[in-house]
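Two complexes come next, and they have one chain in common, chain A, joined by chain B in the first and chain C in the second.
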Partner chain A sequence: MSDLALIYDKTTQTTSSFSSDSLAHSLNNACLAVGLSDGVIQDAVTRVCHSVSQWLLQKDEVTSDDVRRQAAAALSVVSAEAGYIYENENAMI
Partner chain B sequence: MAQSGQFDYDLIVIGSGAAGSTAALIATKQKKRVALLEAGTFGGESPNWGDVPTKAMLHAANLYEEARLGNRFGIRSSMLGYNYPSILQWKDKVISRTGAADNRQYYEKNGIATFHGVAHFMSPHEISISRKHLTARNFLIATGSHFATPDIYGIDSITYQTPKTILSLPKVPHSIFIVGSSSEAVEYAQLFAILGSKVYIAERSMRLMPEEDAEVGELIEKHLHSTKDISCLTQTQVASVEKRGLGVRVSYARGNAMRSVQVDEILFANNRVASTDLGLENALVNYTAAGITVNDNLQTSSQHIYAAGGAIDASSPTQVAMLQGRVAAHNMFHKATSQPDSSLIPRITFTNPGIASVGLSENDCIKRDLAINQAVAPLTMIARSNTSDFSNGFVKLITDKKGILLGGTVVAPHAGEIIHEVALAIHAGMSASDLASMQHAFLSWSEAVRVAAGKLAQ
Partner chain C sequence: MSVYESWAILILAAAIHASFQLSVSMLTILSGHALTKKTAQARLMRLISSFFGGVALMVTLSLSFLAFAARDLLHNSYAPSVVWAAVSGFAIGVGVAVWAFYYRHKTRGTVLWLPRSLADYLASRAKKTKLAGESFGLGLVSVVAEYLFSLAPLLIAALVIIQMPLSVQLVGLIVYVVIATLPLATSVILIGSGHSIARIQRWREQNKRFLQFAAGSALIILGVYVYVGQVLAPTLSGGY
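And now, the complex of A and B:
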């Protein structure tokens, strides 16, 4: 995990390690919101977490917004609706 | 994060290739504080694995072929051979002689701060490299282009080559399948065919080099097939690849049939994309799949961030990248801006015969609904083709209805030199009759330019 990029928080100007569990949790919620089945969700979450981890291996430091964009793009391949929900969940009431 | 007005540098250049290094050196001569960031090898593509090594290899290969085919001139060459490791050594010598390859110290000596690592924007004025944060008043994105993973079934199971890796092979492959027929793809096809590989070149379009006029693609296809036994697979789509022994089995669709061929190596020369994965969203820089969006001054959607070279158009040749680097460096520090004029950039393919074009092509004129005249002078019409025993080529000139030159294409030995005469004539607003009335030395290849111009002047 140490080779993965650190996540920079622009507000606090601090860095933290990438949490795959936290990402998986958020992805899971977005998939549930659009009614995907358990099997599809499990597969999608695994794929997206792997895709994001691979991307982070090529970077030294990124922002949490970057991770969200990468994850949303990867999730959109499985479900465009889930990808949209995940990318915009902070903007939704 | 930097406070307003307090930046570490006046300019941070991301990428040390043709565009980036040009801009960094210009800015530092103007007493600006400049940092140069590089993720790969300093100097970028052209000297390290692009133009320079390719042309060095092609020079050696062409010499070998000229000598090998010298029997018809009375030259005994039946015992001729080559040593590939020595050719690779020659290539490395050429690279080191440029002084531009892996030249981090050169920039340091010129007062440019250099950083090696993957750069990523954190905010519009702040970038991270190796987890160190740097700020600047202006940025130039000159990240160039890279080769994307082809979207072909089975690609994960094989080791494939790109123009970046192909010249690192320790030996010449017995057979090679080249996907795409761009200028660089045709150069590699000719290089490996001369060195003895069985070459297949696959192109989706109806002819090779579809970006050039139809006559070019048709002539090159005929030439490559008849003189080098290259299999030119036009209207071909690669469907899948599969690892088979030490090689690759390539399946492709051509016409209504699926076919397959076993080769040692497969080279993907058509997947060049602009390198834009550097957190551009954090810097509010707009981009598309084609590259970073810029205005005429090379400014991005963030006014203090400029972009040049392959980052805005993956197919940009080195000379365009250098021009844009110069213009960007000027515009960011001067109120009177300038715009790069890339309308007269010569496009050259260093094959034999060479292929060179400048100005408008016939397709460009059709797209613009321009009324034109055109003339083609085959090399057989000039005396040099007799003395050199070479006739596969032509000069084609295009004028408007008033006879003013708009564009030209040369397929001939030394086409890359001949084309500059045409470029200068277009730049000077000359007519075909002006060009035809100029003296051209007897037995020069350039006589074909006079003949083509003469046809238009009649």
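And now, the complex of A and C:
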């Protein structure tokens, strides 16, 4: 069994384990939306996924919003615009 | 109502309409998701231009319909004081509502005070659309979805337009539509010329309180001005 914290989604009220693929897909979309190049995107996604995994090792249970904030902060180091879009993609309308 | 007064009211009503943000939000989502699919620039331009066309058409149709209905129901080019009183009261009420509710205060971003199911549906369609036709339809719907706020300036503009000479009414309609869609047109130009949607969205988020305050205040000022000019003044001077 993984040592990573479980993720609670407030919207669906379900708990799930961390999916690196799902996070990578969302991060990839945010990076593309601000026009980053493929090389930068690949590097950014790898770094952020690793950073979030390390952070989850120190927790028992977190919410999906916590994961989003954490990933956005890590992504902002590479690209502030991509981090902003990733954090706010569900808060535009 | 003098000619200058008519144009001033029409332009202020259009500027208030322009400050409402649902269409710009949907355009940002639509273009953001088109970019994630590495959509070609020409295709992106088709999508956002179609969306803009839908918004412009729906604003035109809404204002034309309200002007036609007002002219037909009143059997006169001049609305009676009771109609102006009702419309100005509605504008003041909506102005206060914009102050209080336009954005969901406790959330980040630019989340609007709309029924969540409707907002979620619009957002999900804007994310999925690939066809210019659907994008055009989303533009139409985005205007309808914001009627709760935009109906007040539209009604006032309609009552002003029917008072204008017949030859100028079309110009009044065009001026209103051009001003009301100006922020959206600016966004289309910015996105089309390669500006980052993050910068556009961040600007909107940073200035949302000002836009909210300006729109609410302008609606209240417009409502009070119309009430004084079209209800109180004729009554005090012995008009109808």
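By our rule, the second predicted complex is superposed on the first by the 88 of 93 C-alpha atoms of A that agree within 3 Å, B and C clash if a C-alpha of one lies under 4 Å from a C-alpha of the other, contacts with A are read in each partner's own complex, and residues count from 1 in each chain.
As a convention for this text, a contact is a pair of C-beta atoms (placed from the backbone, for glycine too) under 8 Å apart; a residue touches a chain by one contact, two chains touch by 3 or more.
Predicted model, so just to flag it, every value in this text is computed and none were measured.
Engineer: When the two structures are laid over each other on chain A, which of chain B and chain C touches more residues of chain A?
Structural biologist: Here the partner covering more residues of chain A is C.
Engineer: One more residue to check, A:R69. First (chain B), second (chain C), both or neither?
Structural biologist: first
Engineer: Is A:E61 touching the first partner chain B, the second partner chain C, both, or neither of them?
Structural biologist: It touches chain B, and chain C stays clear.
Engineer: Let me test your reading of the model: by the given contact rule, A:M92 touches which partner, first (chain B), second (chain C), both or neither?
Structural biologist: Touch status of A:M92: second partner only.
Engineer: Kindly classify A:Y84 by the partners it touches after superposition: chain B alone (first), chain C alone (second), both, or neither?
Structural biologist: The second partner, chain C, only.
Engineer: Considering only touches as defined above, state whether A:L32 meets chain B (first), chain C (second), both or neither.
Structural biologist: second
Engineer: Should A:T12 be classified as contacting the first partner (chain B), the second (chain C), both, or neither?
Structural biologist: It touches nothing on chain B or chain C.
Engineer: In the superposed view, which residues of chain A touch chain B and also chain C?
Structural biologist: On chain A, the chain B and chain C contacts do not overlap at all.
Engineer: Applying the document's contact rule, which stretches of chain A touch chain C when the two form their complex?
Structural biologist: 28-30, 32-35, 80-82, 84-85, 87-93
Engineer: List the residues on chain C that touch chain A in their complex, please.
Structural biologist: Answer in residue numbers: 22, 25-26, 28-29, 32-33, 35-38, 107-112, 114, 119, 122-123, 126, 194, 196-199, 201-202, 205.
Engineer: Give every residue of chain A touching chain B within the complex, in rising order.
Structural biologist: Chain A reaches chain B through residues 6, 8, 10, 13, 15, 58-63, 65-66, 69.
Engineer: Give the list of chain B residues in touch with chain A in this complex.
Structural biologist: Residues of chain B touching chain A: 1, 117-118, 120, 122-123, 128-131, 279, 281-282.
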